[in-house]
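Chain nomenclature is as follows: A, B and C, assigned in order of appearance, with residue numbering initiated at 1 for each chain independently.
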Amino acid sequence: MSWIRNAWYVGATSAEVGDAPLGRRLLGERMVFFRDAQGRVQAVEDFCPHRGAALSLGRVCKGELVCGYHGLAMGGDGVTRSMPGQRVGAFPRIQRFAVEERYGFVWVWAGEADGADTSAIPVLEWHGNPAWAYGGGLYHIKADYRLMIDNLMDLTHETYVHATSIGQEEIDETPCTTRREGATVVTSRFMERIDAPPFWRDALAAIGVPEDTKVDRWQICRFSPPSHVLIEVGVAVAGLGGVDAPDDQKAYSIVTDFITPEADGSMWYFWGMARRFRPQDAALTERIRDGQGRIFAEDMAVLEHQQRNLDDFAQRKLLKLNIDAGGVQSRRMIDELLAKEACAQVV
Amino acid sequence: MSWIRNAWYVGATSAEVGDAPLGRRLLGERMVFFRDAQGRVQAVEDFCPHRGAALSLGRVCKGELVCGYHGLAMGGDGVTRSMPGQRVGAFPRIQRFAVEERYGFVWVWAGEADGADTSAIPVLEWHGNPAWAYGGGLYHIKADYRLMIDNLMDLTHETYVHATSIGQEEIDETPCTTRREGATVVTSRFMERIDAPPFWRDALAAIGVPEDTKVDRWQICRFSPPSHVLIEVGVAVAGLGGVDAPDDQKAYSIVTDFITPEADGSMWYFWGMARRFRPQDAALTERIRDGQGRIFAEDMAVLEHQQRNLDDFAQRKLLKLNIDAGGVQSRRMIDELLAKEACAQVV
Amino acid sequence: MSWIRNAWYVGATSAEVGDAPLGRRLLGERMVFFRDAQGRVQAVEDFCPHRGAALSLGRVCKGELVCGYHGLAMGGDGVTRSMPGQRVGAFPRIQRFAVEERYGFVWVWAGEADGADTSAIPVLEWHGNPAWAYGGGLYHIKADYRLMIDNLMDLTHETYVHATSIGQEEIDETPCTTRREGATVVTSRFMERIDAPPFWRDALAAIGVPEDTKVDRWQICRFSPPSHVLIEVGVAVAGLGGVDAPDDQKAYSIVTDFITPEADGSMWYFWGMARRFRPQDAALTERIRDGQGRIFAEDMAVLEHQQRNLDDFAQRKLLKLNIDAGGVQSRRMIDELLAKEACAQVV
């Protein structure tokens, strides 16, 4: 296993777990999510203890997950509640997974359910805050989840992968700096007095600033284990302090990336953008979401081909340049935590 | 190999073997079916002894199977008849399979062709009998053939998988009994004075009984080796003797299931229904066939997911409840026969 | 590896390598083709030495191949030219492949680039010659490349695979002769005073000869290593000398087949036809190309099924008949060359 176990990952969005159960392969397990009688999300193995049917093909009835084959009713604790005509007391338990719904996401603890600690779920300040708007989506990508961390912790790729939207030459020309801040790796780049690329010109227009205004632009990428990357991005009218400029003179957003291994070699990628300008403008939210969806789809092709190459040329050593420092240090942090978990298991 | 060899399986319907050859993977072999000069169905390996081309891509000419690559003409005995410009006397034989066309099906003997005994083909009384009508179809399913036997020998699943057509709560509430009768396993359930579910309401209408009449309903499932399941099903006006009620007061059918392993982990499923009410009504036959096709397609998804789960969770033990007795006893009978065949091979 | 290394194969058509790079798996390698500043085609591994991205997803800029991920610029010699913000002197080289553009094709040397000898590229006399017209296409086929050589060096299959276009019974009835001429295997068949099949009737019409004229027909197949097959085909008004008849009394063509292994078990098949009648008739070129494309697609299905059979029945020995002599001798020539290369490697 190549991912940290004592940690929370995003397993689904709240909206995905509605009246019907949701089956999803995640963290090497086949899971099924459903809502109990109190509306709380529960997750158990997607395996009926009767004959092995997929519980996700069933339905939710009074907060229990009813198998679509013979009607076994499963509780969120992995204990069978009932089955028509049967005594279920001796039925074997199935595995439950610790889950917590928060900020519009269903968080899944990758380790033993009993060890789950909800205080470790990151705080997403924008959720439910009227000063912010959020839109996002989900992609399934056939590549190791760490390739996405590399991707996000080095935004020089924007110039090439996203040339027509957020890329611009000044990204290449401006060095980035990478540092570790406690349990976070931070890579930042500040570009001053430049033209805004198309995506940001639209944002400027949205806040009433002429599109051709010279801007200061920032990218502050923060990786935190197990595999979350939050990126402060934006532009401000040049010379007003950049990311610290007054709110009406800047377009400030956070790109949100929650990356969850499906199994070795593939991932679920929950992407989104939280913005702090014109939050009530739902049409803008939708437009940004569409644009981001298109931009991030460009990354999918790159990463899947890269993964195929890494499999085919397994013995090749990759370069670790200064621009790769963000990814390299993030992976180092993951490796340290994996080593720590491996030690703990030996004891 | 996980199937009985000294037995007949359905390999194709008569209609499938027309003027053109039919290639089909079956019982772990690649077979090709075609009709000889007398119109009799023959089956040989789908492998031209010349260069290995697939004979099924060829054509039938004067009762011989002519390879579509270089014109080798193959007989139903696996002996090459001729080839343009060649002497074929020394050409190697290919394997022939014992086949017998009967009751609208092409039956294939899974063992050595010389050991085939046509008297072992089950008698299908409805075929060619004007008192009966028959309609059916074929599905390819990626699951072990015995999962379908389990499915059919326990019809409590109807309540859940087929909730909108033939399922009803009374199935769950009525215990079934399972017994062995010679070389047959019988599971039966009798429900008295109930409302008919949608499928059977239509049948009642067809025989001129008001749809909301209280009925007695029966399900008598009979497994016989190697993997045939025939199920007497129907409803009668309540209190007239159920399955023994007078013909004009009941809708009586047999669900026919001939299940043939393709190879380990997949099957061909020949399903159908023979009915003894309104046999001349071709539109009804078609309507029933469509409905049954839809109902049985619901089972496919369940079984394919179940198979995937059984592969993924290979070490898990499944439960064997009273409702599973039909499947469990059918599998036991298969296992006994497999053991017997294994012994015979040692001797 | 099952192909000759010290030899040229067709890797692409000239038209395929335009402004954008072309990625293609070929000869067991992932290659990317592009044009340098002089317009010359270059080929290197499709693997960016920075992080393993596929260079073929990038773009060509001033004759360098610019990686679409982070902008590394690669030269045709496998040496990194530049990368924004980086010193690239110590970057590892990637493999380059010797390529030569000639006759509308990009030829690739399968062995060490330094050993490539462009004088070994076959001469294609029709290219750029106004007396000839050429049209062709490309198929990807999941079968060993030698099955295509077998196919082309024995045209008796036309009677069966291509019954409605170029096949006719006289092919079967007329023996072929096979001989080795230096480094070429030649299989030829001459049919005299026959009716032309549909494809050739059209050709006769094109040269102003009544379609029902009796013709002499020829097929002269020439295999030369590593895997090229050129086939002189055509018809002439009967009794005028066949292939040697005056030009206005015959339709003379060369079927061109350049077959390149993709990897073990699959191939790229560059097919075409060069003709020496009505060369200026572009509509005829197009019509012939369409027809040939349809005819050769019939071979694809045959070969892919044959390959599947050869995999499934791996232990079976195939027959080697007189009609197979062309393929058998071609394979023998390949085997001799492979043995010679194996020896050379040991030394």
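Please note the rule applied: a residue touches a chain if its C-beta (ideal position, glycine included) is under 8 Å from a C-beta of that chain, and two chains touch if they have at least 3 such contacts.
Since we're looking at a predicted model, the values are computed, not measured.
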| item | value |
| --- | --- |
| Same vs different contact residues, chain B with chain C, by half of numbers used | different |
| Angle of the C-alpha superposing rotation, chain A to chain C, to the nearest 5 degrees | 120 |
| Rounded Å distance, chain B centre to chain C centre (Cα mean) | 48 |
| Residues of chain B whose C-beta touches two or more other chains | none |
| Of chain A, residues touching chain C in the complex | 150, 154, 156-157, 159-161, 172-173, 175, 301-302, 305-306, 308-310, 312-313, 316-319, 321-324 |
| List of chain A residues in touch with chain B within their complex | 30, 46-47, 49-54, 57-58, 66-71, 83-86, 91-92 |
